[in-house]
Each structure stands twice: as structure tokens, then as C-alpha cells.
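Chain naming follows the written order as A, B, C, D and E, and within any one chain the residues start at number 1.
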Amino acid sequence: MAATSIRSIFGGRKGGEQTPFRRFVAEFAASKLAVLGLVVLSMIGLIAIFAPWLAPQNPYDLAQLDIMDGMLEPATTGGSGFTYWLGTDEQGRDMLSAIMYGLRISLFVGAGSAVLAFVVGATLGLVAAYFGGKTDALIMRWVDLQLSFPSILVALLILALLGRGVMNVVMALVIVEWAYYARTARAAALVERSREYVEAAQCLALPTRRIVFRHLLPNCLPPLIVIATMQVASAIALEATLSFLGLGVPVTEPSLGLLISNGYQYMLSGNYWISFYPGVALLVTIVAINLVGDHLRDVLNPRLKS
Amino acid sequence: MVSYLLNRILQAGLVMLVMSAIVFLGVFAIGNPVDILISPQATALQREEAIRALGLDLPVWHQYLNFLSNLLHGDLGRSFVFNVPALQLILERMPATLELAIAATLLALVAGIPLGLYAGLAPKSPVSSSIMAGSILGFSLPSFWVGIVLIMLFSVHLGWLPSSGRGDTAVWLGVRWSFLTVDGLAHMAMPVLNLALFQISMVIRLTRAGVREVILSDYVKFARAKGLRESRIIFVHILKNILIPVITVVGLNLGTVIAFAVVTETIFSWPGMGKLIIDSINILDRPVIVAYLMLMVLMFVIINLLVDLIYSVLDPRVRLGAR
Amino acid sequence: QSQELVVGSQGDPSLDPHYMYIGTNVAFWRHIYGSLTMHDDKGSPVPDLAESYRLVDDHTWEFKLRPDVKLEDGSMLSADDVVYSLDRAKSIPGNPSPYTVRLESITDVKAVDPTTVRITTDKANPYLPGNLVDIAILPRKATEGKATGDFTSQAGIGEYGRYRVSSFAPGDRVVLDRNEDYWGEKPYWKRVTFRVMPNDASRVAALLAGDVDLVDFVPPTDVKKLRENPNVAVHDGPSTRMMVLLLNYRDGQIAGLTDAGGKPLDKNPLKDVRVRKALSKAMDRQALVDRIMDGTADVATQIAMPGMEGYDPDLKIDNADPQGAKALLAEAGYPNGFGINIACSNNRYPNDARICQAVGQMLARGGFQPKVETLPMSVLMTSLVGSAPDKRDFAIGMLGLGAQGTHPIALPTMVHSVDKASGRGAYNFGGYSNPELDGVIDKAVGTLDSTARNDLMRTAVDRATEEVVVLPLLFQRVLTASKSDLTYTTDPTEETLTWRAKPKAQ
Amino acid sequence: MTPTVTLEVRDLSTHFHASGTTLKAVDGVSFSVARGKVLGLVGESGSGKTVTGFSIMRLVDPPGFIAGGSILFQGLDLARISNEEMRRLRGNRIAMIFQDPMMTLNPVLRVDTQMVETILAHESTSREEARQRARDALGMVGIPSPDERLRSYPHQFSGGMRQRVAIAIAMLHRPELIIADEPTTALDVTIQGQILAEVQKLTRQFGTSLIWISHDLSVVAALADEIAVMYAGRLVEQGEVGEVLDRPLHPYTKGLIDSVPSRNRRGAPLRQIQGMTPSLANLPSGCSFRTRCPRAAEICQQAPATREWLPGHTARCHRPHHLVEEPA
Amino acid sequence: MSSSPMVELVGIAKRFSKPAGIASRIARRFGGPERATTVHAIDGVDLAIARGQVLGLVGESGCGKSTLGRIVAGIMPPSEGEVRWQGRNVAGATRAEARKAKLGIQMIFQDPMSSLNPRMRVADIVGEAPLVHGLVGRREIDAYVDEQLVSAGLDPAYKRRYPHQFSGGQRQRISIARALAVQPQFLVCDESVAALDVSIQAQVINLFLKLREDLDLTYLFISHDLGVVEHLSDRVAIMYLGRIVEEAPTGEIFARANHPYTQSLLAAVPKIENRKTTFVAVKGEIPSPLNPPAGCHFHPRCPHAFARCRSERPAIRQIAPDHFSACHLNDEPR
């Protein structure tokens, strides 16, 4: 089983140097479900990264699509002698390839927005917590303001403003999500800040920047990482919803959400595969991320540990 | 207490002001309503007339100031599409959305707390594992997708439930409600479930996490040491403690539920505010969008305040004003 | 049988018949009010409230009212009501889409006697009876001084048409009860409920689930499956709505027209008729009809559809010929094609985004390097018309143009040069200008004699087709579905008129 | 006259299953408490004092479990009776006071609720009467204006007052035995003094037996009749207070006593025990104190048994002080 | 005092206040009632610590010991008064001087776990500050860290480990090594042994004693354990609710406590020598610093309190050679 082998690689060595990372890996590996999630997620990630080499067709290249091969059922061989294992949509787009490329977009949107939002949010949150006072009040009022507003509405507005496009979706999601990181970072940093090692660092006259980023930040990472995994999943779902509502990525370069949305209109006409398979892919992805994130939360949450 | 309320109201006012500016500018930048609303066959003259009549010829800041001064008189503008006060338009549709959102929230509590309680008390049992796995699923499924599947299953294939719309309503307090009629309830079932799914998962998780934490606390152990019956420990000592965070979070989320009703209402043709806002965005019915967003901000402010108040009632440790 | 009909309707109607000129609104008020003229199945104007009408002189039309139109209060509809209504239609405050476009060129409306109205126009206007089809006539006494909101809050005012509003829940439903005093043939349904369901799939699902009896605007994707369903009948008929590609003729660099590296071209290649011909050759219209529209559309060979003025039965559209397109491109000096963007809506017309992608696909095969952009209608319109004409940056834009009656509306609106004063060229977003064609069109629309007008129109259609001013793709069909025990005749204007639905046994 | 024994613990073992291994948190502990007497249970952190207390209450949470031995409470073996029987004893005839007064009271329930429920759990009286008794109990532990205080929530009390409430709850049913797990460690010196005074008063008044768990030898010295010293899950020494403190047998006990500053010359280095407290997971074989013991010898590689070296004074050591000669 | 003080506190006060909300600020402007949100953690403290001396600071929870320690260590600025480091005001000093003063005073905290960054290795914890401040070059740092660890009684072989891999006593030694690494002359020990087991406590106290000998260190030793303070300190200062109530050489204070609070404190401490004592309680609770009693802070609990104690703050006065106390009783004939 994967779990045991990972444990034996990282955690099992007695007397070996026990770094926090190894300890963490060992604890993580204790949950089979989470390891399964990670394995699935890695596979999905690999598929997404190598989609251009793996996919039988480039679904974004209009010249490669043939409308005459449109709406083929799964495992039909089209006019060009090519077999569409998951069928095609009305444009003659091979669903298998479209899902691979769609994963790529969805994951990019999810991870890209999470990373950017992380950087922006964590920095502001740490700064707010460390300096307190007016800085804190200003940043946190803004965070409150934003959190008090449903993400989907903010995203809708922003996208309506910026127009479609993958980067715009990422931007919109960053604008929507940074506040979560800021709040989490601040909360964690406030706890950490009251720990005596921060005072010790101040006592040692270390520069403020060093205290914030070398001492505080690493200790605030666990909750941030948990938030990040959760936010990747929710960003992917949000992007799907936005695409469903008609704002989101361009039609010619569909994400999973857009594929589902396209296929949604065919559900009643019996052409289930256009929406079904992308739906399954989306589901598996989000569930895998959540499984990992969920367990990460258990492992990284110090309160549950002691 | 009074100073606390005053403080909150002042803050809320400030938030509303800032939001109104952002919202106004944001909606302004999306597009020109005249471009889409007016028939292109209109002559330039007709077009200009329409623009002037709607006050769209003025510079943005001027429009904003007009908007603000109207706002002070409680006027949020008239809908371009329906030519009635935007506020009225929204308020007409609000009960339908609130009905949905509140029903979903209640469902989440009613279904989520017992499940979470069980999962927390018997963490090792297979039933608990399935509850938790199910809750991850509930977290993960995009709500529009669930909506489609529900319709496919319960309306089209099984024919048990009506696919969309609000069904029969009955009037109570001068407002039409679905939950008062059998047909209305049947129509509510799927949208409510759709909207509640995420909440149920969240409540399960919050409850479970709460139980796991509280059950280890000294005061639960002390309650045992006092010789209390297990039922009293669970339903008084543990439950009362976890209800506080659960109700707080669920309460704060009510706003998000209302916002996500946009999706549910679209799928189930539920005649609420959410559907109105999507249509309004599509057709750039600016006053309605702005009014809706302002109303949402107001609603959030009120919900936050209420949640704080409830929180302070539930949790004796919190006393307002002494924070 | 209950004689009740429940309609799943895409639109959410305005109860004020003069507010917001949108097809679904017109269809709705036709149930509760009337107009001087009405269109027949083909779209030609026929008398309605007006018993008859005639041309008094080149600039004056005279309408004779029916004497038996009984109003809610028991009085009869009079010429004064017509004068009042034509005036009111123009003067609703804050109306972003007024009906004025139909009242253009009218300079005076006079009640000659209680049943005679004379309408004077500034120039000869053969289309006046057709235009008045869409103007609701309201009783002055009941509605004078009422604002749009009053119509909503009072659930209809002064209805005298086939139905009266019984209850109205905005965004949800309107319930209509039959007007037993209606002057004409009474409809079969005693009660009609319009349930508002903007979402296509939920509308169809509601029909399948038996919640509604009839749904309008059936998405083409569902038609095949619905036809196979024994419980459901699909009713389709021609529509005047033409899906058409507009081209940008502007001089100077256009962001939507680029070289291989994505840099805007210095010269606009679309000004070269060979390039435009290549575009047309690349289009496989039949495939669009078969594959994208599931057969629920007709290939557009020209900007007029059969039955319209100016339709030229001799015009044939070539089969798709990507090789030919490439050859023409090479001839025009673009052997490797060029980057060209296509902007379409994604929430306005049936399958709009899909057609757009398929067009992109075909252009790619024809040697172009297309870039497909689909936008919500609001955003699309902003990018097509929002900016100043000399800044518009699309290369190809797709629109669905619906005509009223038999008038080939594309000619004066898309082919004619932009003329703000007269409103001509209103859809000519790309700024095409051909004085010779303008002359023909101007002459045609002012010609009262129908044969002469038809000839002029045909000349214009032929020239526009030859010049490839715009690329007509297809004409849609009106798709309505009902329970299988109902019959229904569709209307080419896409209006859902419930009295046309009848139980099969009848 | 032989004093009646309230509690007799024999060979109690409580183990924890943790990641594949078994931790013997309490390992073969035996002691007894007589009526009205105070047993002081001392030892450093992690030595198993709390677990012993919880074992008697049968409140060890999984993964812990009582692995063996008997807990005779007035002849009744607590390790064998049913859960329901045990519940009826808890809070009624055996009560416990916890270490951290800030955490022992449920923060969201009023003090009267928490007191009344304790009474009603064991007796069927009217709510009014129960309230009355709760009120009296608060008065008894020296809380001023108890009527008002009953309606308060725990957070409105200071730490010392909360601990007094906990003591009042423990005393509600006049239990025969109270287990007090370091109830003053979290409190200030003057407040500790107040609590000690109350407890002392109550036990003297009602003849309640008391097990006082602490790591503070000074407190135990002042309060207890008997003392039991724990090290790594085992009792290493036990006897009458004066005996143990003045003539410690086990080197560990002696080390503890010697390291108290007041036993040393001011400013001079304290006498200290070498090394660190070993983790339960890898105790040295034989005598678990062997590696830190200044008197360790060959024989210590074998586990020592508990032996009554002096009358009423036992130690688990091969080479106790005073009795076996010092090594060279 | 004979030698010039190494650290001198003059009129130190520290107040913590919650910033008032907009509404209450407005209310105050219109003469509304002001809600007391200010904690007077330190309320006018003068203190001098001579070179080489160990000053023990004793008091109950929340009386401001840690706050005072932090102010001395330069982690927190005082609200009022000044801290003089070797005769010079730290606040007015140049950057370099201030940094030197700051490094000269180091603090050892109560909680050995939370005072170490759990994500840093021991070598980095100890070596970071000397490197950043350029006390040691990159190449010498390894040896330097080893040296510090050894002097704190730790095996340098452990330096690649993380804090969680140590026991409490060892962790406290790491803290000490970290402080020593910047070559301080003054250590503030804030309850540095309170969290340790009795047997380990002795080891750490012994380490402090040894370091004092070896490095000629001066200490401010904060503790509530009178036994430890008595053993370790040369002088003792007793604090009650933000004020120093009594200060004297150690022997003097334990033999002849003057202030009633000191007396009751000494009475409440159980001694291992006393068997089966009957405890007598000091009445009353410790008042909240949010809302301290007027006059002498101790008067509500004081058995000798009289009218003046309730209204007038007693000044700290010398009552015997080198023995200072703040009690009105000293002015009255007993």
C-alpha cells in the first residue's frame, strides 16, 4: 500500500534526523484516503501538464476540429478515421482531449489564483498583525468589507468589468480570495506574535523584515497552506460556476466548467457525454484536492494534535 | 451597549458609502446600458434623447452624486427594463429568495448538526467515515451541476418533483410564500436541497470538529466526574458549546447563501432576486444592479450585527461593548 | 377539459405595452390589447382594430376603426384612443427602448371622426401599416396619466383584448383570464398562465415533467430528442431572424485584423472584395444548419428570405469551398491568410456561441487564422457600438437580425451607409458605404408601388450579395413545443400567441 | 483502633496504546487511604499522577485503559462495576477537583445549572431544594453573596473563586473521597493559601478522605498525613509524611527534597538530580531511575520490588538511603 | 548603593489601552461617559540594579512583572519615564548605541517551548543574531555556536535538531545560549524556571549561578516563587498591582518584612519544614489592574488598613538602612 511505503521512506527511520517536514509527511501518510487523494491529484496534475503531448487532438486549434464529426457518441470512429473514446461535442471536439486541456485551464486558474492570492493576502495579513494599530485597522476593515460580500457577486462584477479570458478569471479570483489569506495570516500571526520567540527576536534587535518573514511567516504557514488547498478547490468550482453563468474563459478554450456548461444544454437531448465526463473530471479533481486539504488541516492543526 | 450599536451603525454607514462608490463605478465601467437596451434602429436623435432621459449623459461623478442624493431620499433609481423603482422590484422578489435561503439554512442545521454530532462522538465508526466522505462531496460539487442532476433525476426521470418555478403560494403578512402550500413545498424541495448542500457539509464539519474539541475539554471530563448522565453531557454540555460557533458561522453564511441563490434560482427558475440580478447584469439594468448590491451590503451588515447579537446571547463570555 | 393553458415563457413581460420594445413584450400585450394592424402568418400586415386602411395621398394614410371594440368600461374604442396611444408610445419617460422606431416619419395623427384616423408622414412610407402592427392601442380614459409601475401594481389597466390580467407576480408568472367581451373570435383557453422561465433547459425540463403545456424558444439542441418523445409535439416554422456576419470596413489599424505575429495590419484586407468572397466561400452554411442547428434553420443565400421583398430565387450560394477560399486569398495577396477575430454573443440567440465557433473552424479551413470571442450580449453590443465608429476594433461581428413583416430590414440598416439623421445604417457598425447602393435602397423604401419597390429591392439584394457587404449565414426557425395533444402554429416574428394553440381534437 | 480504609488501590496499571506501542502510564501502583486522612501524591510531570486519579474515577479516555489491578472503594471494586454503577458513585461518593480552575466549569452554563445538575444526577429532589443546597455549598467555601453568584457565569469569577466553586460542587454530596489533582498549581500564593484553608476545613469537618496530587513538596508536607512518590508510572516510596520527608529512602525522593532551595545554603549551587526525566516510551530496564541515580549499582539492572523497609514506610529500591551503605 | 547602577528605571509607567471606537470617541467629545479601557500595568516604578547584582522581583499574577521585564529588555517602550543603561537614557541614544544597549540586555522567558522558533534548528536559533549583527563572521559561526551551547551546558552535537526534540530543561538552556551569543551583560529572567519540574529547575538555577560567576552577569530575576528568589537574589523587590511596595536586601526582607502585603505573602508560602500546618487565608481577591483600588492598592485586603490608606497613595520611603517600603503604617505610631 502506498501509505505504508511512504511512511517507511520518510518517517520510519528510528534515530534518523526528525525534521518537521518528515514528521509531517509521516503523519500525512497515516490517512489512506488522503494519500489516495494525493496520488489522484498528482495524476491529474501530470495529465494537465502534459496534455499537449498526451491528448490525441488539440481541442483549442479550430483547424483540427471537424464539425462533421460533431456529436459523436463515445467510442465512435469519426470521418477522419479517428476514434473518439469519450465522444465529441457539437464542434467535433474530442471530449477526451478537451477534458485534458480543460483540466489544464481549471488547474491553472485554481493554482494560479491561489498562489497570487496567497502572496498578496499573506503579506498584508502579516503586516497587519505585526504592526497593528492603524495599519491593521485599515487592512482589516478592507478585508471585512470584502469578506462581507459574496465572492460570486464580486467575481461576476469583476469579470463583467474585465471581460473574459483566463488571466482575467485568475485576476478576479485573486481579488475575491486574497482576503481569506489575509484574515488567516493575520489570525495566525497574532497568535504567533504573542509567542515569546518573537519577543526574543526583538530582544536580539533583529530587523523587522527578518522577524516578519523569517520568523513569523514560516510559523503561520500551516493554516495558510490549508486555506490554500481549500481555495484551489473553491477557485476551480467558482471558475466553473462563472463559466456556467456565461462569464469566464473563452469558449474556444474551454475549462472543465465551460465544458459542463456547454454540455448542460445537451443533457435533455440525451447527449449526456458532453457534460457528464467533464463533470466527473471536475468532481474527481475537486474531491481529490479537498481530501488532501482536509487531511492537511488535521495534520497541520496544532490544536487537534496536542 | 448603546455605544456599541452606535459604533456598528456608523461603521455600517461607512461601509455602505464605500461600497456604493465601488459598485457604482464598477457597474458604470461594465458597459453602456443604452447600447444594449435601445433598438439600434433608433435614430441618433432618439438615442440621445433616451440617454438624456436616463441621466446617462452626465459625467460619472455627477451621476454618482445624483445617485447619492437620491439615495438619501430612499430612492435607488428606476429599473430601465421595468420602469419601476429598482428597490420595489427587488423587494418584490426578496421574499422568494429569503424563503429559499432560510429554508436551506434551517435544513443545513437540522440535517447537519445530528450528523456532525454522531461523527464527532463515534469518530471511528464506518458510518462516521461515510458521513465525512459525504461531506467532502457536498463541499466539492459545484452547485449548478448538482442542480442539473437533481432536475434530471427527480423531475425528468422519476417525475416526483416539479422541475422549476415556485408553485402555488399563499399570502401571509401580505407576502406570498411557497412553504404554506403543499405544491409550494414540492417546488421548494430541490432548490432548497441544492442550496443547502454546501451548508450541510459545512455544518457537519463544524459540528464534528467542535465535538472533537469539546469532548476533550476539562469541563466535559468534570461533568463526567460529577456523575452526570451521558445524554445530559452530550445534549447540554457539548451541544450548547458547539452551537455557538455553528450558529455563528451559519448565520454569517446566510449572506453567501443568498448570493449563491443566483445560481440555484437560475437553474430552477425561482423568481427571486438572484435571477433578477443575473438578468439585470445581462441587460445592464444599472439601477437594479446597484440597488441589489447596495441591498446586499445592507443585508450583510444587518446579518453580521444580528449574528453578533445572537452570539453574545449564546455565549455569556462575550459582552458587547466590552470587547 | 379545463381549458387552461400553462406556457413556459422565456420572457418576463412588461405590462405597460408602450414600455420596452422587445419581442416577448409585444407577444404578451397582444393578448390583452390590440393594434391597428396585425401581421398574417407570412408577416404581411392585415387589418385588426382597423377594419380597413388606405392611402389618401403619398403622405397620408387613413385607418377606419372597427365599431365594435368594447372597452372595459363598456364604451367603444374610438379614433381619439388611437391618437392618444400613438402619442403615448413616444413619450414614456426613461424608456431606454421606446417604440418610437416604429413611429418614425409620422408627423401628425388626427381623429377625423370617432372611427377614422389620418396619419401624415414626412415622406412616402409604404411600411406604415406594417409598422403599426407593433403599436398597442390603449383606451385613453382608463390609462391616461398612468405610469408604467401602475400597470404592474394594478395587474393590467383597461385591457380589452382577448384576455384580461388576473394576477401578476413579476419574474414568476402572469395569469390571464379570457375576456368574454372580446370583439373578435374568442380564444379556446379560458385561462392562460405564462410562467417565466428564462433558462432554456429548465423550460424544456418543465415541459417534460408535465409542469407546463407549451414552451417557447425551444433550444435547437433539444429538438431531435423532443421529436422522438411521444408525449411532446414540436411545432416549427420559419423565422425572419437572420444570423449574419458584419464586417468592419474601417480604415487604419484594427486590433481584430492581424498578421501572423498578432500585430494589427496596416491595410484593412476586408475592403478587398476578393477577401470577402473568400470568407463567404469558406462558410459551409449547410453544415451549420445540419450540425449546429440540428436542422432547425434554413441556409441564407441572401439577405432576404423567401417571401420577402427583394428575394431573388435565382441567387444560389456555392457549396463550401475552402480551397477556393484559399486561392482567392492568395490572389488578394494573403497566401498565408491573416488573423481575424469574430465577436459573437453567447446568451442572446439560439446556439450563438456554437455557430461562432463553427464559423471560426470553417475560416481556419479556408486559410484564415481566426480568433473566436463570445461575449454576453451586453458586452458585445458595447464593443460593437459602444466606442466611436473610428475606434471599433472587431473584424467580424455576428448578429441575429429579426425583420418585421416582409421588409428586408437588412438593406436599410446594414447595407446602407450610416446616416444619423434618418436612422439608416443603424446596424452598419462596420461603416460600409456604397453611394450607388444607398441610392437604390433610398429609392426603394420610398416607393409606394409594391411591384416597383420589389424590383428595386431585388437590385439592391443582388448588388449586396455580389459585393458580399455582409455574410448572411442562416435563417432561424421558430421552435415551440407542447404536450402532444396540442396543435400550434408558430409566428415568424417569434411571438408566442396562445390562441394559436388548440387541443388536437378540436 | 484500626482506621477504616476508604480506598485501597492494588496493583493498578493503566496503559495507553499509542502508535503501535503500549505506554505504561501507571504501572502496578498500590496504596490506600484511610477515612479522614490525606494522601499526598507527588512526582514530577508525566510521572502518572493524574492518570492514577482518573483511573480511580474510571475517567481515562481512550486510547488509555485500565490494564489490571483493583480499586477497592469501601470494598467495592471500581475496576469491575458497571458503567452505570460507576456513574452513580462519581460526584456522589467520590469527587474530583481538577488542576486548571479556568477550564473545569462549562463556560456557557450558569453556575447554578452546573451545581443543580450535579445534585439531580444522584438524588431526586425538587429543583428549588437543589438550588438551596447549591447556595449553601457556595457559602460554605467562602464565596460572598452566594445568591447572586449562583446566577453568574464562570467567566465572571476569578480563578480562585472558580476553584472554590469546583470544590463546592465536589462537596455537594459529602463524598467519602475527594481526589484533588493539583488544584492550586495555577493559582497565586495568597489564593493558594485560601484554597488550602478551605479544603482543610472541609475535610476536617466531614471526615472526607483526600488524595492530594501535587508536585510541590512543600504543600504536601503541610497538608498530608501520608505521602506517596511516583516516578515514571510507579510508586517509588510511600509512608507517613514526616518519615518520608525526614528520612527519604529512595534516592529520587531524596533528590527531590534536596533540590528544594530552602534546603540549600543561600546562593550556593542546589543539589540536583542528574539527567532528564525519561520518556515512558523508552525507560531503562530494571529500575527506571537507575540512569540518574547516584547510588546505582549492578543490582539495579533488575527491577526492584516494593518493600516495607521500615514500619509503614515502603520503597521500591535495591539500595535505599540510611539502610544500605553509600557507594564509595 | 555603592557601585553605579547598570540599569536604572526612573518613573516608569506603562499603560495599555484599547483604542476607542468611533462612536465612543464622538460620545466622549459630547461629554459622554468614558469607559475605562486603560490598564495601568506599571504605575510609577523607580528601580536601580547595580552591576553584578541579582535583583529578584516578586509579585502575584498580573501585577506587571513581565511588563517591567520587557521594558527593561527594550522589547516594549514605557509610556512614561526612562530606562537608563549604564547611566544613559536608552530612548535618546543613537541607533548604534541603542542597539548596543539592546544587545547588552537579554531576556530569558518563561515558556521554554514558545520562546524558541519551532521551525528553526538550534544552530540557527543561536547563531542568527550574532551573524546578523556581524559579531561573528560566517566562517567562525559554527565554532562560536558550539561554544555558546557548551557554556549553556548543552552538547553541541544536538545543534542540527529542532526545539521540539528537546526536553523542557534543555530548551531553556537553548534560550540561554541564544541570549549569551550576543554577549550580554544583563539578563532579565522572566519566570524562567517556573515551567520546569522541580528536579530540572535546580539544574537551570545552578546554570544561572554559574554564568553569573563566569561572565559577571547582572540579573533581573522575576519569579513568584519566593523560595527560588530567596536562594538566588541579592535584593528583592515586591510588586503589587504595578507598584513596587517594598525593596530590600534578601536577608532583610525575609527576616523583617515591613509591608503588610509582603508579610501575608511570606505567611502564605508553605514550607517543606512545616508539617501539618493549619492554613490561614489572606482575605480578598487580587483586584483587577483595569480598575485598581484608590490610595494604597493593597488596602482592601490589608488587615491594618485605615482611612488614609483608602485615599492616599503611600510613597516608597527608606525605613531602615537600604530597606524601602511604601506603607502609611510607617508614618503612624503602631
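Things to note:
The rule is short, and it goes like this: contacts are C-beta pairs under 8 Å (C-beta built on N, C-alpha and C of every residue); 3 or more make two chains touch, one makes a residue touch a chain.
As the structure is a computational prediction, the values presented were derived from the model and not from experiment.
Least step count on the touch graph, subunit C to subunit D: 2. For the pairs A-E and A-B, the larger set of C-beta contacts lies at A-B.
Mean C-alpha positions place subunit C and subunit E at a centre distance of 85 Å. Centroids built from CA atoms put subunit D at 52 Å from subunit A. In terms of their C-alpha centroids, the spacing between subunit A and subunit C amounts to 44 Å. Note on chain placement: the centre of subunit B and the centre of subunit C lie 38 Å apart, centres being C-alpha means. Multi-chain contact residues of subunit C (touching two or more other chains) are listed as 201, 205, 208, 347, 376, 378-379. Multi-chain contact residues of subunit A (touching two or more other chains) are listed as 160, 246, 264, 267-268.
Shared interface positions of subunit E, defined as residues touching 2 or more other chains, are absent. Those residues of subunit E that touch subunit D in the complex are listed here as 60-61, 167, 169-170, 197-203, 205-206, 209-210, 224, 226-228, 230-232, 250-251, 264-265, 267-282, 285-286. Listing the residues of subunit B that touch subunit A in their complex gives 15, 18-19, 23, 26-27, 29-31, 133, 136-137, 139-145, 148, 152, 156, 212-213, 255-256, 258-260, 262-263, 266, 277-278, 281-282, 293, 296-297, 300-301, 304. In the complex of the two chains, the subunit D residues touching subunit B come out as 57, 59, 61, 87-92, 95-96, 98, 100, 103-110, 117-118, 121-122, 153, 155, 166, 169.
Across the complex, subunit D meets subunit E through its residues 44-45, 142, 158, 160-161, 188-194, 196-198, 200, 215-219, 221-223, 225, 241-242, 245, 255-257, 259-264, 266-267, 269-273, 276-277.
Taken together, the subunit A residues at the contact with subunit E in this complex read 17-20, 133, 137, 195-197, 199-207, 210, 215, 218-219.
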